[in-house]
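One chain, chain A, links the two complexes that follow: it is found with chain B in the first and with chain C in the second.
Entry: the complex of A and B
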C-alpha cells in the first residue's frame, strides 16, 4: 500500500516483450516498462523462441526494478504480484513465472497467475476507468482472433475463434510475401493507407450462417495465388493496393462478426484488445458498423494493445479480489484456454 | 580459511538436470538440503524446495548472505529457471550471487567416491543428444588429508562428441596403465554402451545411479569456497552457461538461415 492505494505489480513475458508495471487499485498505471525484442527477431523473420527466452532472462530483473523505480515505490509497498502463466511460448513464460515466484517468496507478497488473454481485455479497465462488465470483447493479435462475452470481471465465455490462422499471422505472412517484412500488422496498416481497398476482389470468409468463427488461411492462399498470377503475366504489382485490399477483407469480416455477437447477446459495448486492435482500419470500420446499431466501441491506446505488464496487473487485481488463491507452485501453461 | 568468514548462510540451487534441489550451507560447512523426486518439476517445485532447505537449516530467508546457482551446462529450460530464481532472490534481498559451473559441481561432488574407486580422472558427462555431450575432465588429486583433496581441471569444459571425448581419454590413459576414469552424469544413461565399447575393461567406473546426477549440495560447497575467496557477483552478472548458441543463431552466423526467411521475397 502506498498513500492508501492497493499496488499490484504485473509481469508479462509470454512472447517477445519483457514487461512489468505497477498499477494502483487495479485501474491506475503508475509505471509501464516494456522492453521489446523486436529488433533482434526481425533478423530471423519472426520470433525465435529460444532467443526470446534468453533475452527475457537477461532483462527481466531490470525491467521489474525499473517498473518499481518509475512508480516511485519499493518492493515492500507492493501488495500483489500478477504474472502471465499462459498462453504463450513456454520458454518465455517460465522466465516471468520464475521471477514472479522468487520475488513473491523473497518479499512475502501474494502471487496470482493471470491468463494472458484476460490481461488483454483488462487493458481496457486501465484506459476506461468507469468500464465494468458486462460487455462483448474482441481480441485480435498475432496468435488470436477471438470474440468473447464478458459477463463479469475475469469471466470470459469464448463465442468464436479462428479455425486456422490468427489475423495477425495472416498479416505477417502476406506482408512477408509482398516485401514489407516483419512485423506485418503495422506495415500493412501503413501501406494500406496509400492503396485502394477495392482494387482487388479478395473474398470475405464468413463460414456457416451465424458462425462467430474465423478462417483466414483461404484468404492468405488467394493473396499468394494473385501475386503469382500477376507475376507470371508480367504485370507490376502495386504493393499498397494488395495491402489495402487484403486488409479490408480481413477487418471487414472481423468487424461484422463482432457487431453480430454484440447484437446477439444484447451487449451495448464492444471492447477491443490485442496487438491488431491498434490497426487503424479495423478501428474505423468497427466503429462505423457498431455506431449504426447504437453500440459503443471501446479500445485501449496502442501502448496498452501490445503485450504489457499493466494489463496483467489489472487482471490480477480483479482475480485476487474475486478470491483467487495465491500460488507459489504456479506453473507455465503454454496452451492455456480462456 | 573458513574461520575468517563468520555467519555465512548460502543458498545453492540446482535445476540443470532431471531433478531439482536446493541446499543451505553455513560457514562451518554444514549442509541442509531438499531434493525433488519428481522429474523436470523445477518451475513448479523450486520455491518449495528452497523453503524446505531453509527450514532444515533453521534459518529465515532474511538471514541468507549469498545465493548460488548452478549455471549450466545442461537443460536450457532448467538453467533458466535456476538462474532467474537466483537473480530475483538476490535482487530482492539485496545479497550477492555466486555462479557455479554445473560440471565443476558434479566433478567435486563425485571426488570422494572417485578417489575411493582409485580413479585418476573424474569425468562429468551431460547428455546433449545426437552423440553430443557437455563434459569436462578433472584430475582427482589424492592427499591423506581429505580436506585437501581436489579436482583439478585438465580438459576444458565444453561440448564434445562422445567419441572425441573418449578418444582423448584413451590417449591420456595410455600413459597411466592400470588407472581408472570415473564417469558421472546422465551421459552414462545415454552413452553407456558407447563408453563400454570404447574403453578398456576395468579402466573405467560408472557412478551409481543414486549419486549420478547434479545436486545442490555440491553447488553449495563450491559456493562456500568461492564466497570465502570473495568471488561474488551482482544479480545482473549471474548468467547462464549454455555452451551452445540458439539453433537459429548458429544458422544466421553460418549463413544457412533460410533465404526465404531472411529476405522478403522480391516481386
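Entry: the complex of A and C
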C-alpha cells in the first residue's frame, strides 16, 4: 500500500514484449515499462522463441526495477503480483513466471497467475475508468481472434474464435507475400490507406449462419491465388490495392460478427482489445456498424492494445479481489484456454 | 507408423483431403512424426485438422503459429501440432523443448517441416503438398 492505494505489479512475457507495470487500485497506471523485441524479430519475419526467451531473461530484472522506480515505489509497497502464465511461448512465459515467483517468495507478496487474454480485456479498465461489466469483448491479435461475453469481472464466456489463422497472423502472412514485411498489421494498415479496398473482390468468409467463429485461411489462399494469377498474366501488382482489399475482407467480417454478438446478448458496449484493435480501418468500421445499432465501442489506446504489464496488473487485481488463491507453485501453461 | 500406400494423391476436393487425413491418422502409432512441407495456402493446417479428426481429437484445431506448438489430448493418441513457420532452424525447435514431444508417447504433425528437417527423426513421414492444376486442387506426395 502507498497513500492508501492498493498496488499491483503486473509482469508480462508471453511473446514479444518484456513488460512490467505498477497499477493502483486496479485502475490507475503508475508506470508501464515495455521493452519490445520487435526490432530483433523484424530480421526474422516473426517471433523467434529462442531469441524471445533469451532477451526476456536479459531484460526482465531491469524492466521490473524500472517499473517500480517510475512509479516511485519499492517492493515493500507492492500488495500483489500478477503474471501472465499463458497462453504464449513456453520459454518466454517461464521467464516472467520465474521472476514473479522469486519476487513473491522473497518479499512475501501474494502472487496470482493471469490469463493473457483476460489481461487484454482488462486493458480497457485502465483506459476507461468507469467501465464495468457487462459488455461484449472482441480480442484481435497475432495469436487470437475471439469474441467473448463478459458478464462480470473475471467471468469470460468465449462465444467464437478462429478455426484456423488468427486475424493478425493472416495480416502477417499476406504482408510477407506482398513484400511489406513484419509486423504485418501496421504495414498493411498503412498501405491500405493508399489503396482501393474495392479493387479486388475477396470473398468474405462468414461460415454457418449465426456462427461467431472466424476463418481466415481461405482468404489468405484467395490472396495468394490472386497474386499468382496476376504474376502469370504478367500484370504488375498494386500492393496498396491488395492490402486495402484484403484488409477490408478481414475487418468487415470481424466488425459484423462483433456487432452480431453484442445484439444477440443485448450488450450495449463492445470493448476492443489486442494488437489488431489498433487497426484504423477496423476501428472505423466497427464504430460505424455498432453506432447504427446504438452500441458503443470502447478501445484502449495503442500502448494498451499491445502486450503490456499494466493490463496484467489490472486483471490480477480483479482476480484477487474475487478470491483467486495466491499460488507460489504457478507454472506456465502455453496452451491456456479462456 | 503402420504401412500406408505412399503413392501420390490428387486432393481435388476438401473430401479428398479429409479422406487422406483420416487414412494417415489410422496408421499413426506413438512416437510417429508427420512432416508437412508446402507453401502458404497448400492445406497443411487443413490436413492436420483431418488427421486430428481421425485420431478422435474433439477440440478445435487452429493454427499454432503464435505459440509454435499446440497440444491436444482428447484423441486416441496425444497430438502435438507444430507450426515452425517462424523458426529459423531445427536447433530453435529443440530450444522450445520439442525433443520430449518428438520422442514421446504421442504423434507430432509439423507444418513447414523443411525448416527443421535437420532435427527430425529419420523415420518421419514427410509429405509434400503442392498446388494442383486448378484452383482448390492440391497434390500430396510422400518424400
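Some points to look at:
What we mean here is this: the second predicted complex is superposed on the first by the 338 of 338 C-alpha atoms of A that agree within 3 Å, B and C clash if a C-alpha of one lies under 4 Å from a C-alpha of the other, contacts with A are read in each partner's own complex, and residues count from 1 in each chain.
Basically, contacts are C-beta pairs under 8 Å (C-beta built on N, C-alpha and C of every residue); 3 or more make two chains touch, one makes a residue touch a chain.
Note that the structure is predicted; figures quoted are calculated from it, not measured.
Of the two partner chains placed by superposition, only chain B is touched by A:99; chain C is not.
With both structures placed on the common chain, the touch criterion links A:15 to chain C but leaves chain B unconnected.
In the superposition on chain A, A:107 makes contact with chain B only, while chain C stays out of contact range. In the superposed pair of complexes, A:53 makes contact with chain B and with chain C alike. In the superposition on chain A, contact is made by A:91 with both chain B and chain C.
In the superposition on chain A, contact of A:143 is made with chain C only, not with chain B. Annotation for chain A, partner touching more residues between chain B and chain C: B. Once both structures are placed on chain A, chain A residues 44-46, 48, 50, 53, 90-91, 177 are touched by chain B and, in the other complex, by chain C.
Across the complex, chain A meets chain C through its residues 15, 44-50, 53, 87-91, 142-144, 161-166, 169, 173, 177, 217, 220-221, 224-225, 334-335.
Within the complex, the chain C residues that touch chain A are 39-41, 45-46, 60, 62-63, 65-71, 85-88, 91-92, 95-97, 135. Within the complex formed with chain B, the chain A residues making contact are 43-46, 48, 50-51, 53-54, 57-58, 60-62, 64-65, 75, 90-91, 94-95, 97-99, 101-103, 105-107, 176-181, 227, 231, 237, 328-332. Against chain A, the residues of chain B that register as touching in their complex are 43-48, 50-51, 61, 76-77, 80-81, 83-89, 91-93, 235-236, 239-240, 242, 246-249, 252, 257, 261-262, 264-267.
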